[in-house]
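Please find the structures below.
The following pair of complexes shares a single chain, chain A, combined with chain B in the former and chain C in the latter.
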Partner chain A sequence: MAEIASVQLKVGLEIHVQLATRTKMFCRAPSVACREFDHKQSEPNSCIDPLVLGLPGSLPVINREAVQMAMMVGLALGCSIAPLTRWDRKSYFYPDLPKSYQISQYDLPLCFDGAIDMPLPGEDGRVNWDDYDTKRIGIIRAHLEEDAGKLLHEAPGGLPIDYSIVDLNRAGCPLLEIVTHPDFTTADEVVAFAQMLRNICRFLGVSEGVLQKGHMRFEPNINTVITLTDGRLVKTSIVEVKNLNSFKAVRGAIEYEFAEQPKRWQREKVEMSPGSKSTRGWDDVKMQTVLQREKEEAADYRYFPDPDLLPVVVDKNWLEQTRASIPQLPMARLKRYIDDFGLHAKEAAALVDERDVCFFYEECIAAAKQAGVESGKAGKAVANVLLQSGAKRANERSAGASAGSTEQVLISDLGIMPKQVGQILAMRERGELGSNAADELFGLLCEPGQAATDAQALAQQRGMLIVRDDAAMGRWCDEAIAQNAKAAEDVKAGKDAAIGRLVGAVMKLSGGRADAAGVREALIKKLRG
Partner chain B sequence: MSTPPTNTPAALSIEAVRKVAKLARLSPTPEKAQRYQGQLSSILTYIDRLRSLDLKGVEPMASPLDATSNLGADRPGPTLPTSVLMDMAPQKHEPFIRVPKVLGDGGGA
Partner chain C sequence: MSTIDPGAPILDTRERVTARKVSAAEMARAALDRAQALQKTLNAFVDLFPDQAMEQARAVDARIARGEPVGALAGVPVAIKDNMSLAYGRTTCCSRILENYRAPYTATAVQKLIDAGAIIVGKTTMDEFAMGSSGEHSCFGPTRNPWDLSRVPGGSSSGSTAAVAAGIVPASLGSDTGGSIRQPAGLCGIYGLKPTYGLVSRYGLVAFASSLDQIGPLTRTVDDLAAMLSVIMGHDDMDSTSATAHVDAMRDLHTPVDGLTLGVPRQARSTANTPGVAAALEAGIKTFRDLGARIIDIDLPHIDHGIAAYYIIAPAEASSNLARFDGVRYGRRAQLGPGEDLMALYCKSRSEGFGPEVQRRIMLGTHVLSSGYFDAYYLTALKVRRLIKNDYDAAFKQGCHAILMPSSPSPAFTLGSKTSDPLAMYLEDVYTVGVNLAGLPGLTMPGGFEKVTDNGRAAELPVGLQLVGPALGENTLLRIAAMFADRTTWHTRRPAI
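Moving on to the complex of A and B:
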């Protein structure tokens, strides 16, 4: 009997993205995935209207914004956009589905046949931005549908109940379902793709991508190809793991199935065939997948065109407007920052990680140029100040935020304006501001109520500008030499290293307002003539 | 997601009728099931006749109507008070609808 020689993993990914429209997919009740939606204030079953409840006589009206957002994602993933797209009913009975059907798209999806090049993670699971390979991931389709309601198995406050309860606030919210080809061969690749997709959706402004809130849910379709010692190939039956809402769960489920499927095959000898696919859930505590109901075959959903909806036409105008509205995506920006601004890969990656930070960075560059910073230097100079003075304060504020809060304070949220960052850098370039003073000024401008403050005027008012006063410089140097006689002797004797102590003393005496390079020059002139 | 079925047999078995009925939560009497079998089979036979046509180069019809959808602006409109839903619910655990215990998080999607 032949034994297992090797096992190859094969994964395709389905992703559901809640689109952040203000209203639902087919009616104008508020949608829970919207940025402005206040979860704390909205009671369960309050975002409802006759259509959400599937009441007789209610008719769906397609949300134009949802179609637009779906097209943006489709275009970003290299998809073709159907000029004519249709809506179908997928029928099944479940307590979270008031109409007993979900409006979806079956054979004429909005977006189809795409592909995107993904930077491949290295052995540590992270992309090495200085040196990486890419892999092309095929996109089968991306179609629009509506979400179901939420089923809860315990009452609010964790009270046990021996029944289930339903909240329909989520029912009818727009979902974009993206389906990839089974092009992934490691769990790392799937996670890297999921992270990239999240970043793209955030850049496009179609989702905040907060996984804990269910903004994105992942469903990997996993199987393995086993090579036996006699050379025969066996494909294990496909397992779809439903509703994963963290990258950790995605990785865990895939790694578990990769290890488990060959054993399962040895026990049960079930190979891949039509109808052999099974659906499993993920147990986050036990870190294993659990068998769920046998998935109904597509035909069992009895898809048919929704008689209440007409096809949607995407004309050339709309398509081109949408294409033009897509901002440069994170990968392309990262490359531009490295190539054009001379940033290190790590710096560039830190700046493109968050859409708001990235846009803020570019606004600061424009402001710096306007304030007189040399064009070729602005990108690097802004990156330095944001990743030092900015990141430091953003981290402090994040750590200081209320305990248990996951809200991360971004560099772009500190309060300082791009114009002010530009002014600071211009003062630095003109030699008017020392590096410590620049950092202090940055901090002052992050304080509340400083948005309209002129950075130059504030620096002047606070006495932060470098003093170009030869008499004062002379006094500070004399005093520093008097205080540090030994160091002064050493400098006189030609020991350059000793001058640091004297420069430090002068800077201290000047309150940081002396120009360090000028101080050095003045001290040498005094001591060595 | 699989492609639409293309090999439905023209004559529908009584078991197939029962299966479809079950999926739709219907329990037809034996007489009705037989009647549906005849009616559904004749529809499928008609579809088969259409299939025999050579439709190469004919654009698929997305809808029998010429009209296309008007799209709605993404502006919030009126909602129903939760009490309306509570009044309609056969069982409730306010402000939720109460249903028999179900496992898992969703039936489809």
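Moving on to the complex of A and C:
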């Protein structure tokens, strides 16, 4: 009996992205994935209308905003866009599906045949931005459909009930289903791809990508190829893990199946075949997958074209408009920051990680140039101030946020405006502001009510600007020498190292306003004549 | 005893109401009274809405009193089929599953009636979910033909047709998926129009077969038919299949069509026609010839396949459209015994809620959409549908203004005579389904009478003739019908009820 010699993992990914349209896919009820939607404020079953409820006589009307967003994602993933795309009904009974059919796209998806290069993570699961390989991931299709509602098995507040209740707020929200080829060979790759996709969606403005809110859900199709000691290859039957809503769960489910499938095959000897596919769920506590449906009985969804909807025709005009509306994507920005601004890979990666931070960064660059900062230096200078003064404060605020809140405060949310950042950098470049004063000024401008403040005026008012006054410099130096007689003697005696103490004293006495570059010169002149 | 005729023609009533010779309230009262008086006899209504109707009528009267402009149907009592949503009362589709369902919104076509000053007297009976050709498949019992109470009025718009034929209202709304306006109109001796697909919004119409369903008017005169159509048609943003094109229904209504050419399909002179229907068709042809029309023989080679294609496409869509009646959110929910699960909830609610004809069509439709059968049935039926449309297009290319044929092969049959034979019932639609499959307008007009004797009982029953036009050809159809009405008296005869 041949033993297992090696096991190779094979994963394809299905991703559901809730598109952040204002209204639902086929009606005017507000969508829960919309940026402005407040989950805490909305009662269950409040975002509904006759169509969401599946009331008789209601009719679907296409939301073109959703089609537009889906096309943007498709284009970003290198897909072709179908010039004519149709809507089909997928029929099954479930209490969260009000019409007992889901409007979806069966044989004519909006986006198809795409591919995207992803940076491969290293051994530690992270991409080494200084040196990485890429892998091309094929996209089979990306189609639009409507979301289902939510079935709840306990009453609000966690009260036990012996029946189920339905919340249809999510029902009918536009959902983009993206299906990749089974091109992934490690869990790290899948997670890296998922993160990249989330970032792309955020940059496109089609989703906030908050996984806890269900903005994106992942369903990996996992199997393994086992090489036996006698050289024979065995493909284990495919397991689809449903509805994963965190990267941790995606990684966990894939790693679990990678380890488990060879054992399962040894026990049950079931190989991949049509109909051998099973569906499993993920238990976040036990960190295990759990069987939901054995052997996918070739589920008969009785797809047929929805007679209530006309096909969507994407003409050249619309397609080109959409293409033109796509902002530069994070990977391209990362490359630009490194090549054009001279940023370190790590710095660039930190700036493209969040769409809002990235857009803020670029606004600050524009403002800095406007304020007179030399064009070639602005990118690097803004990166420095945001990743130092900005990141420090964002981290402090995140840590200080009320306990239990996982909200990360972003550099772009601190309150300081791009124009103010630009002014700070211009003052720095003109030699009017010391580095400590710059950081302090940055902090002041992050405080509430400072959005309209002129940074230059504030620095002036607070006496933060460097003083170019020989008399004042003379006074500060004299006082510093008087306070540090020993150090002054040492400097006189030619010990250069001792001058630091005196410089520090001058800076302190001046409240940071002394021109740091001139202090040393002034002291030496005084002490050594 | 009121001397007000609630069924008086629309234009007369509107004129009298605006001239304050009669009040809208008196019109409403008269219609409600007559509906009430005939309810036991005809069973034309599911519900009457005396309070809301009187309120609507008083609102019209108040506007007139203030000298404000009123709509085209000011003070005109109308009835609507109970598959159209109305924000008050029930919308039952004459099904147990919706017996207590109340729609929270009003269908576009109905709202247009209300906005035009019409008074909604009540909701009319129908074959359950508009599936049937006799009015017998209703959970509220059969509707009767005002010409002979032992006979069916046809269906599925049975109550809307009976109410107009009996002079309760001058006009009503029906819906026509395979003939449900035109066939009963013929059997009850009135006018009925199925507009071009998309001309009237389906928003709020409980869907039977979405690609075939159209709302249309039933009336006793051509003018009323045109007046009703003018009010209810028009683009609706809430219906994606709603047409943006415009039809001027009233234009030159009484000007004869110049150089009128009518096509008569070879297949319409079928041996399946009863002698009276055959005679009415030939008499109709003669009348048009006398009017100077050119009559040409045409061929609709696929008309016989229409029934087969229709009974695949319509049930397929119906099985999907009716899947939402699952007992979860609204409508009938079965009581479950201990240990019974979700599947039992679905099965019991739907088995209790749907009548046998509806269940038959749901099963048929589910079958033809199933994997393995989809291509053989559904896709083939779609191909036949295209061939049928091509047949009609070819006929119109030959220069026909319209096609003339019977609205059904026989006059009204006796209650119960076809209920045990679904296929015989389906053949009632042989002349009508093709028009829905092709999306064309079809108009039924009173075309004669046939003397029949059943079980020793003699009766004289109306026979309907149908005019089919090219897409958006409603105005021409109406003008041809007006020409015919000027030369015949069939439309002036009234049942003795």
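Following the convention adopted for this analysis, the second predicted complex is superposed on the first by the 523 of 529 C-alpha atoms of A that agree within 3 Å, B and C clash if a C-alpha of one lies under 4 Å from a C-alpha of the other, contacts with A are read in each partner's own complex, and residues count from 1 in each chain.
Criterion: contacts are C-beta pairs under 8 Å (C-beta built on N, C-alpha and C of every residue); 3 or more make two chains touch, one makes a residue touch a chain.
Keep in mind that what you see is a predicted model, and the values were worked out from it rather than measured.
**Student:** Scan A:Glu145 for contacts with chain B and chain C and give back first, second, both or neither.
**Tutor:** After superposing on A, A:Glu145 lies in contact with chain B but is clear of chain C.
**Student:** Does chain B (first) or chain C (second) touch A:Ile222, or do both, or does neither?
**Tutor:** After superposing on A, A:Ile222 lies clear of both chain B and chain C.
**Student:** Could you look at A:Leu309 and tell me whether it touches chain B, chain C, both or neither (first, second, both, neither)?
**Tutor:** In the superposition, A:Leu309 touches chain B and chain C alike.
**Student:** Pick one for A:Pro50: touches chain B only (first), chain C only (second), both, or neither.
**Tutor:** After superposing on A, A:Pro50 lies in contact with both chain B and chain C.
**Student:** More residues of chain A are touched by which chain, chain B or chain C?
**Tutor:** Comparing chain B with chain C, the partner touching more chain A residues is B.
**Student:** Once the structures are superposed on A, label A:Asp300 by its partner contacts, choosing first (chain B), second (chain C), both or neither.
**Tutor:** So A:Asp300 meets both chain B and chain C here.
**Student:** Of the two partner chains, chain B (first) and chain C (second), which one does A:Lys99 touch, if any: first, second, both, or neither?
**Tutor:** Once the two structures are laid over each other on A, A:Lys99 reaches chain C alone.
**Student:** Please work out whether A:Val166 is in contact with chain B alone, chain C alone, both, or neither, and reply first, second, both or neither.
**Tutor:** both
**Student:** Quick one: is A:Ile62 in contact with chain B, with chain C, with both, or with neither? Answer first, second, both or neither.
**Tutor:** both
**Student:** With both complexes superposed on chain A, which partner does A:Leu244 reach: first (chain B), second (chain C), both or neither?
**Tutor:** In the superposition, A:Leu244 contacts neither chain B nor chain C.
**Student:** Using the superposition on chain A as set up above, list the residues of chain A that contact both chain B and chain C.
**Tutor:** Touching chain B and chain C on chain A: residues 50, 53, 61-62, 91, 93, 95, 166, 298, 300, 302, 309-310.
**Student:** Please output the residues of chain C touching chain A within their complex, sorted ascending.
**Tutor:** Going by the criterion above, the answer is residues 84-85, 91, 93, 98, 101, 103-105, 107, 202-207, 209-211, 237-241, 316-317, 319-320, 323-326, 328-330, 342, 346, 366, 369-371, 374, 378.
**Student:** Quick check on the complex: what are the chain A residues that touch chain C?
**Tutor:** 50, 53-62, 89, 91, 93, 95, 98-101, 166, 298, 300, 302, 304, 307-310
**Student:** Tell me, which parts of chain A touch chain B in their complex?
**Tutor:** 16, 21-23, 27-30, 43-50, 53, 61-67, 84-86, 90-97, 102, 106-108, 140-141, 145, 147-148, 151-153, 155, 161-168, 175, 177, 179, 242-243, 281, 292-293, 297-303, 305, 309-313
**Student:** Which stretch or stretches of chain B touch chain A in the complex?
**Tutor:** It comes out as residues 1-5, 20, 23-25, 62-63, 65, 67-80, 82, 85-86, 88, 91, 93, 95-109.
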